[in-house]
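Structures incoming, each one as structure tokens.
In the two complexes below, subunit A is the common chain; its partner is subunit B in one and subunit C in the other.
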Partner chain A sequence: MNELFVRSLSRRWSLLSGASLMLLLLAALPARADLSIQITQGVTAPIAIAVVPFAQSQGPWPVDAASVIEADLARSGRFAPLAHGSFLQSPSTASSIDFASWRMVKVDYLVIGRQVIGTANTPAVEFELYSVLTGARLLGLSLPAGNTNVRAAAHRAADLIYENIIGVKGAFATRIAYVLVEGQIPNRRYRLIVADADGENTHVVAESREPLMSPAWSPDGTSLAYVSFESRFSAIYVQTLATGERHRVAAREGINGAPAWSPDGLKLAFTGSTRDGNVDVYVCTVSSGQIQRITDDPAIDTEPVWTVDGRGLYFTSDRSGRPQIYLLSPLVAGQKPARVTFEGPYNARARVSSDGSQLAVITQDQGAYRLAAVDAKSGQGRVITRGTLDLSPSFAPNGQSLIYSTRERGRGVLATVSVDGSISSRLSAPEGDIRDPAWSPF
Partner chain B sequence: METPRIKPIAVTLSAAQSRQSRWGGAAASLALHAVLVGLLALGSLSWHAKPEAVHSVAAYVVHANDLAQPKAQALAPPVADSPDKASEPTASEPEPVKPDNAALEQAQKAAQQKAADLIKEQAAQAQEKEKALALQKAKAEQALAAQQDKAAALKAAEKAKSEKEAEKKAKEKQAAEIKAADEKAKALKAAADKKAAEQALADKHRAQAALAEKAAAEKADLASRKQREADLARQLAGEEHADALSAAQAGLLARYKAELTGRVQRAWIRPPGVRTGLKCSVRVTQLPTGTVTGVRVAECNADAAVRQSIEAAVYRASPLPLPSDPALFDRNLNLEFAPDE
Partner chain C sequence: MKRLSLLVLGVVLAFGVGGCAKRQNTQPTPNGGQVVSDGTTTNKVGSDGTTPGRSLPLPGVSLSTSASDAGTSLATVYFAYDSSEIASQYNDAINSAARRLTQSGSMRLRLEGNTDERGAAEYNIALGERRAQTVKRALVLAGAPESQLLTVSYGAERPAVEGHDESAWSKNRRVDVVALGGTP
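Let's look at the complex of A and B:
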């Protein structure tokens, strides 16, 4: 605002222009490029933001969109929302914003909004993002929100705020699938759960007294493949979420496990075994149920995952004596795969980032099982978690973080960590033991 | 076994993102004014030294020469009239005097006499003849002399005439010369006058030009002084010119820059989207208090979010640290964001 004033003032001067002003300008020009400073570093610190509770017309509403947005941003680790107690004002419209007061409490960004009932009686979440530093309005949107969809609209708003400030697509409006194990044998129950990425809004997708394992999202996000022992033997099922319709795609004798969708969604790679117990990687065409054996090695070949281009498979093999990650590309049965990981005695269960540049693996580190991010080309990795039993990494679709399971007070809980290991968080979860999280695509 | 279901989640984006862009108009207007004003100034500076003035002086000089040219011709001797052709004096030959044929008788009688007479006469005649001859001779001599005298006189007259004519000629010549000289002098004087006038004019022009030049020089001097001052300021800012500073100032400057760098780096929250090879130039203006008043990301190969992070970093760093030596302060800062990976 101040700048604007100064600029318009100087324009007026130039219109009145005289020789003196011209001389001033001429003299001022050479002096413009002045003190030069090189900035070669930055910090990885959370950005100060304030999310003001939204005004609720015809409220109160069951869900406060602002608190959902605030929690999303905080959980990402990239933002540090200001505690409401420090607010000097709580504006809900642009005209009532006093930027100076927000500068005073040292926030860089401000989110305000309104939950409104629009014309045609449709509820909507309106939000605006401002730069407190410049006073610029960075975003201003109205998101339709059914009564049960305020949460979804809020996640969408958080995505847009995240993307505007961080420069990467947000992944708050995505979902996670996981297996929740409750009760003790013989009353143990396995539930396959789908929830919002923040762990809220849970839905039970499948439930069984026998183990449910390894859920995998189809690339279009409409279906889950998973392993069920409901028939006492392992079998791979594909279930469409919207309808609940499901069918069994692999139920060969022996092991049928660890399904992984090909990027085109037409095939599933999985772990299979022969009658003599040799475990290898197989590929099944979902529509026809046709199965092809890919690896043939006396060692265990398991946990396949597709390369981003769909032309290769990473998998875990102990053919060198200890589990390591191998890559078979191009995907030709019987070809010799290339070993990818070399650091440490144990690297298993690879997952590939959305751009294919990184693998997340479980590695042995100081006697614990932890997650490592491995450069797909060089095989160089670094440990990014600090737990004792960190398992089942799954990349967020924006590639910024991973969800995984870890142990907390003797039970499995969900946690997220940024790919560089700098930011981690725990997802609150209901009672029970949580396993095998899988992050949905966008 | 029940079939669990979940509802599809549909989120629709209903409004478009809008951003404001300002400054463009104001900046362009300022730039245009500066350019116009600059052109005007340059024009007025060069006017006094316009080559047309020099041309006009040269033209006057050429004209003066043209005027002098006829005078130079007048200096050549006038064409003389053809001199009178004096007839050459011709000397006449003296005629011989013949003796008288008297009677023979008398001659006899007188033969003796005659003879005597003759002898006498002959003698006389001879005498006479001699006399005559002498006379003749004398006469001839006289005539000759006269003739000679006459010739001499003629000659003398001729001579005198020619001398007179020569004298006249000389006089005329002299007069002509005097006249010519006079005219030449007049012409010269005129030329000189003209030249002087021209000189005066030229001098006047020159003086004017000199005055203008001086004014321009003063103006230029002022500008160059300002330039020098600006240069000095830049030198103060530039590391490469640190040696131009006193060691103490150089130390203070280095510390100032380090403090600025540190402050901004601590304030820059690097977004994950920062790629290697990022290079962004940022123009920052600050108040003497260090308060940042403007941040403009100039050249930058990063996306909008990274630019925003840079802009935010500079504002977040406000107020910027101040140098211990106020002379080192600069309202305008150039920040180069180039992370070394």
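Let's look at the complex of A and C:
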């Protein structure tokens, strides 16, 4: 920990060359309000599981790993953790488990564990997963919690439990980025925030009086590209999260927006415009700085996103009169793209699932803006949310769910929904207006 | 004609005007930057003196905007839903702004396009740009020198009015005509 502080203090405070703005480097300022989560809708038969509070050696510890695991599993909608009041026993070791008592309260799975200080003074979270029916131990692991990083270890444990039972890699030990807008006009403040996928552990990445928008994770999860209007004109920046170091990627006249990393992390697709206002998709190669214009149509072409193989780009275009999703693959500048969406008057801002089979888009549905999941091959879509202003879908890296922004009592809040629309949950912060969520890679 | 100019511009862009990712890294300067917090007091510190959650503190950047860039608002043009057509009621305002520009060669106008909050954020940026460009063309037709006109779109990011109904939306679908420098 001390070493980390020394490193952050020795960072060089600096000014962006060529711009009249001052950079005030704030080391690790946590955002004021962490998010809390409520399940708004779930599958009819979630899996019954009991997560027994972990024994804490040399406690109490600042974080209870079991409660983090329990909340993760509950938020997925796939599990219904048993209320602690129904527990007939609270074992923390294998030998003290009475499986009959767990069968009596009708749970299928049992998680027990211990928060321990190992030899060499290293903290760890030990956990075990049991099938209550057979008594078999399905998992038994000790996860190091460096810097007593119990929360991160607990998310990893939840990932492993989820994968063992559901058969799909969990995405609890991932992060989200979003923009938080606070204050009334004209004294608004825009904060770009990175938090754990459960909304906890928030950090302000950038803060400005002018809009910040469209954060995009680099494929390796180390950097964010985002749009900042700090010069009163738009520009795209790439910021390394661990160091706070950032550089300007595009600050051309007109629009610099919608940055999207190629899967190999070598290129950024973005939206640019010409002097007479023609909005098109461009690609820049990050290492050389070379910019290539990809689309050339008098209509709006924006919101590019790469195909999974990195050979094509989906984007939004109103070349047919209203915004629809188009695909240009292979990525040859000036080629005619194929239209992908045909249902409804408005389909915009596509995001691609990790296997490439599905797109999430913003669609107009009964006068509202909602999310639709669109089959990438057939273009057929179905509406999966029921809000009035559901925007900015972003796939979880395991492809099971999406995070998006929705409106609740006039305020932007974050919500998640499973790709089939059957499970949804809400993440709400006590104040401010949240928008533009982006889910990190694994 | 438009195609040709686009093509020329495209070529110019391909050869690196405002190049992408030219590693404009932050440079240390003698007076640059100000330590607001060293992190040791603002970190969430657990009872055992450690930070819960992810161990790496993320350094944040605070971005300040120069007040001199704020400019002076000359006029606001409002638009119908999903439209970038300028209603005739704004002719006088457009003509008057164009006249001022020709009278003050040092003045520039920043045309700030905005949309209401509905729809995709970046698509709204493009719609706001389209509105700003419409006002720009109207000003040029009214005699304003194009070189003194700048456009920017804030999309739905900078509403004039808080609110989530048509009365707020109609005030947010707008182009603010902002004078920079010179004597407005």
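Please note the rule applied: the second predicted complex is superposed on the first by the 395 of 442 C-alpha atoms of A that agree within 3 Å, B and C clash if a C-alpha of one lies under 4 Å from a C-alpha of the other, contacts with A are read in each partner's own complex, and residues count from 1 in each chain.
Here, a residue touches a chain if its C-beta (ideal position, glycine included) is under 8 Å from a C-beta of that chain, and two chains touch if they have at least 3 such contacts.
As the structure is a computational prediction, the values presented were derived from the model and not from experiment.
More subunit A residues lie in contact with C than with the other chain of the pair subunit B and subunit C. Within the superposed three-chain model, A:120 lies out of touch with both subunit B and subunit C [touch as defined at top]. In the overlay built on the shared chain, the residue A:167 is in contact with subunit B alone; subunit C does not reach it. By the touch criterion stated above, A:303 is placed in contact with subunit C alone, subunit B being left untouched. Of the two partner chains, neither subunit B nor subunit C is touched by A:83.
With both structures placed on the common chain, the touch criterion links A:213 to subunit C but leaves subunit B unconnected. Of the two partner chains placed by superposition, subunit B and subunit C are both touched by A:203.
Of the two partner chains placed by the overlay, only subunit B lies in contact with A:136; subunit C stays clear of it. 4, 8, 11, 14, 17, 21-23, 25-27, 29-30, 149, 152, 175, 194, 203-208, 230, 241-246 are the residues of subunit A that lie in the contact sets of both subunit B and subunit C, per the superposition on chain A. Interface residues of subunit C, counted against subunit A in their complex, comprise 2, 5-7, 9-10, 13-14, 16-29, 31-40, 42-44, 46-66, 69, 110, 117-123, 125-127, 129-130, 132-133, 136, 150-155, 157-162, 164. Across the complex, subunit B meets subunit A through its residues 1-15, 17-20, 22-23, 26-27, 29-30, 33-34, 37-38, 40-41, 223, 226-227, 230-231, 233-234, 237-238, 257, 260-261, 264-266, 268-274, 293-295, 303-306, 308-309, 311-313, 315-316, 330-340.
Contacts from subunit A toward subunit C in the complex involve residues 1, 4-5, 8-9, 11-18, 20-30, 60-63, 146-152, 175, 184-185, 188, 194, 196, 200-201, 203-211, 213-214, 228-234, 238-239, 241-255, 257-258, 268, 271-279, 282, 284-287, 289-293, 296, 298, 300, 302-303, 316, 323, 346, 348-349, 362, 369, 389, 391-392, 407, 410, 435-436. Taken in their complex, subunit A has these residues touching subunit B: 2-4, 6-8, 10-11, 14, 17, 19, 21-23, 25-27, 29-47, 78, 108, 124, 131, 133-134, 136-144, 149, 152-153, 155-156, 160, 163-168, 173, 175, 194, 203-208, 230, 241-246, 400, 418, 420.
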